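Both complexes below contain chain A, partnered by chain B and then by chain C.
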Partner chain A sequence: MNQAETALWWARARAAGPQRIPPGGPTPAGMLRLPEPDGSGAWLLPVLPDSASAAVLDELGLPGHVLEHPNDTARVLAACVRCCWADPAGPLWPGVAAPWEQVAAAFMAIVGREEAVSHRALLAGVRRLARSGWLLWDEGAPAIRLGPRVAAWNAAQLSTLREMCRSMPSAGGEVPGHPA
Partner chain B sequence: MTTLTGMNPIFEPVLAELSERHRDEVMSAFAAVEHSPEPVPEAQLLALRDATLRRSLDDLLHRVGRTLVPIGTSWTSGYRDEVAAELARAGWHSLPAIDRAVLVLVLIHSVAIPRSRGTLQGDTWTSGQPTMASELLEASRLQPTDVRIALGHLRAAGLVQLAPQRAGSGQSAAYLPGPQLHRLSVAARRRLQEELILAAAPSSPVAAAIRARRDRPGAA
Partner chain C sequence: MLDELTTEAAVLRVYRQAFAVLAREAGAMILDADLIDVDEAILEAFAAAGSDGLTAAEVVAACHRFDARVVERRLGVLRDYRAISKVVDRPNAQHYRAAFAPYIMLLFLRRLAERGGQSELHQLLTLEHLNVSHQDAVAGDGQASVSRLTKVFRLLANELTSLVQRGAAEALRENAQLLWGNRSLIVQAEEVHAVVLGRWPGLGSQCALLRISLAAYGDAIEAAAGRLIEQAGATRALGFLSAETWVSFARRSDTETLAAVLDSFVFDAPAPWLSPQALAEAVESARPAGGTRSRPPRPDDSQDVAEKDLMPTDDTAELQATAERLLGDRGAASVAELLDEAGDWPTGRRLAAEMIAIHHHPDLGFELRWGDGLRIEAESFPSWVSDGWFGRLAEAPQ
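Moving on, here comes the complex of A and B:
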């Protein structure tokens, strides 16, 4: 693949997040190829060095993007990680598909709000995260998967996440190792 | 082969020519212009102030389909013109049609109309002239629910932002073009202006001149 084609793949990913491609074919320079578990295709994920990531904005004292409902969005992602990370000793991607009800129960155990309010927040959060490639979910689908973006978390970040995941309540409301 | 921890094959050829300190400066500037929602003042980063390092930064951006865009004494990044043209040629749109329609309405009210009246100078697509929610909801043929959903998407993408409310005005929400509009290159800003003229006044002499120029071989 030449430089112009590589630049185009990076531009597509910049505009619309990780790109799904058919099996086979070359991988553009600087991108990770993440095969789907069923072999139906793969995702191309741009990988930036830590020194060029969005986290650098903090170090430079520059403002970052203002997320809509950042707390609820983070809680929705946390509930999905809790339900889709089948084996927290292993890698996060591709994880497993979790039924909507299971994610909803995990989310409610985290936020502890009235069901109707929680459901609205969950639906809005899942839509936001699916639009940006953090989750794989088609509108109305009965199950949710983690999106390819989670594969960009490095070993140190995963290690922190693993610790946090252990203390998060699951669908039943119990914390692993601490039965309710 | 790209891994999360190894050298990045796309940046390494450019960075290999720099000292360790200059590599850090260039990478910080790359992060700043690519991720910051607003243009970054050049006083803040050496790789934006220094012409040689800025060339290395532009080389890095070039490899991922991007380029530096100057805004006064600040800098941001945007798509290279030929990359944007190639994506558009392939029918590649990252926004649904309804979102694009609402964005165009905000650009008409906040930029095109003030510019035609002479109250907005230059070729920028950002503006301090608010578009009232009523202009989006009542003066268009779009459904109000669709407009509200589209505004949510556009705000999340930084293409539209809420205008600061004047104290005690009691007005409904108002919108401004978002900071992402700074990322348009000179050619992209001109193309947007021309497309609006072609759509709004197709039989005007200006529109005829635009069509004639585009029909000439080798014209953009």
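Moving on, here comes the complex of A and C:
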């Protein structure tokens, strides 16, 4: 893959988010290739060095991408991580598909609101996250998977997540890592 | 002379016919653009009718989309301007036919209204180019052509310049079609100019006038565009049209048309960053918000109990005195006997309680012993008493 093609892939990733490609073919420089578990394709995820990632904006106190309802959205993602992370000892990607009801129960256990209110927040959060590549979910689909962007979290961040999953209120009493 | 008069009359007739579609009534301009639609319907009816023509009633019937009175009034106006005339010119003839000039005019007006006259200008320039390039053309044609173009561009430039200098920005925006496609207008005019100058070098002074008027038009465009951009700011292109135009564009366009607007733009994908730390904090912060929040402890309002009240009460002396009083110099007394001495149940009850308290007091040398017997006297007080003795302990610790 030459320089121009690499630049093109980076431009695509910037304009349209992580890209799904058919299996095979070269990987552009600086990108992570995340194969789908069933081998039907792969995701190209731009990997930025720590000194250039979005976290730097936080450190510098600069405004990043605007996210509506940041707290609820983060809770939705937390609920999904808890339901989809099959083996908390291993990597997050690709995870397993979690049924919508399970995610909804996990989210309700976090927020503890009425069901209607919580469902609305969940649906909005899932839509936002699916649009930006954090989740894989088609409108109306019965199951949710983690999106390719979760693979960008590094090992230290994963241990934060492990701790979070352990301390999260359980929904339906299932053990973390052994979803029903 | 007669020929000239005839020619003039013919020209006047065409003018009048052409003007008919714009006439509200004889001698006045229309005020409502919808009347043009009525005229068009009338002329269509005549076109469909063939050479026999139509009666007024037939025209009204053919134009049933419109109010009959309106159609009749338009018929009258068109007749006054000779845009329609009797097939046979007799006083009682009923059939009319239409002239073609009004319809041509109508088409022209329609185009002018839709395109703002821009394409007419382009066609005019093309025609001028053909005229001056024609092999039969003479210097007079070239001069006439250059002079016409000079006037057209002078008028355009004057209108724009006055708008830029004095008009409100809104007026400038409404006339923005004068700005569109202007570069190609100038290029076309320059081509005509080049042909004329090449063929008839003697027309140099007229050509210089044309060049000046073209340059003036170019300057006016620059000034107007600058003014519009300055006024519209960052959304410069949006300011070109009125808000209503944009709204109707957005309502009536299909998805592809709407999407085509953003063809040349690149947007970043939605890419909010969510760190695991933020996730953990959000989950953590959600908990107190739940409905199961517990009540904070209330401050204790009651007064502090005095310290002496907290000390254990010591009634040893009182109980000792009571026991001595009950027993007197006796070593022991039966409970039944003591109760009989008490006399009534409230006193006897208190007495029983005191005896039990004395019995249980660790420092007092008295005891209460119960036996198996039972004294029953249904009529007297107490009606029954268990067999029991209250007395001093054998080896009193005192």
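In this text, the second predicted complex is superposed on the first by the 170 of 180 C-alpha atoms of A that agree within 3 Å, B and C clash if a C-alpha of one lies under 4 Å from a C-alpha of the other, contacts with A are read in each partner's own complex, and residues count from 1 in each chain.
In the analysis below, contacts are C-beta pairs under 8 Å (C-beta built on N, C-alpha and C of every residue); 3 or more make two chains touch, one makes a residue touch a chain.
Note that the coordinates shown come from a computational prediction; the quantities given were computed from them, not determined experimentally.
Of the two partner chains placed by the overlay, chain B and chain C both lie in contact with A:Ala16.
Contacts of A:Gly30 after superposition on the shared chain: chain B is touched, whereas chain C is not. In the overlay built on the shared chain, the residue A:Leu8 is in contact with chain B alone; chain C does not reach it.
Of the two partner chains placed around the shared chain by superposition, chain B is the only one that A:Val47 touches, whereas chain C remains out of contact. In the superposition on chain A, no contact is made by A:Gly147 with either chain B or chain C. By the document's definition of touching, both partners, chain B and chain C, reach A:Gly64. In the superposition on chain A, contact of A:Gly125 is made with neither chain B nor chain C.
Contact with neither chain B nor chain C is seen for A:Gly95 once the two complexes are overlaid on the shared chain.
Note: residues 11, 14-16, 53-54, 57, 64-67, 128, 131 of chain A belong to the chain B contact set and to the chain C contact set alike, using the contact criterion stated above. The part of chain A that touches chain B in the complex is made up of residues 3, 6-8, 10-12, 14-16, 27, 29-32, 46-49, 51-54, 56-57, 59-60, 62-68, 128, 131, 152, 154-155. By the touch criterion given at the top, residues 2-5, 8-11, 24, 27-28, 30-32, 34-38, 40, 44-45, 62-66, 79-80, 83-84, 86-87, 92, 94, 152-153, 155-156, 158 of chain B touch chain A in their complex. Those residues of chain A that touch chain C in the complex are listed here as 11, 13-17, 53-55, 57-58, 64-67, 70-75, 77-78, 81, 110-113, 128, 131-134, 153, 157-158, 160-161, 163-164, 168-169. Interface residues of chain C facing chain A in the complex, by the touch rule stated above, are 266-283, 285-287, 289-292.
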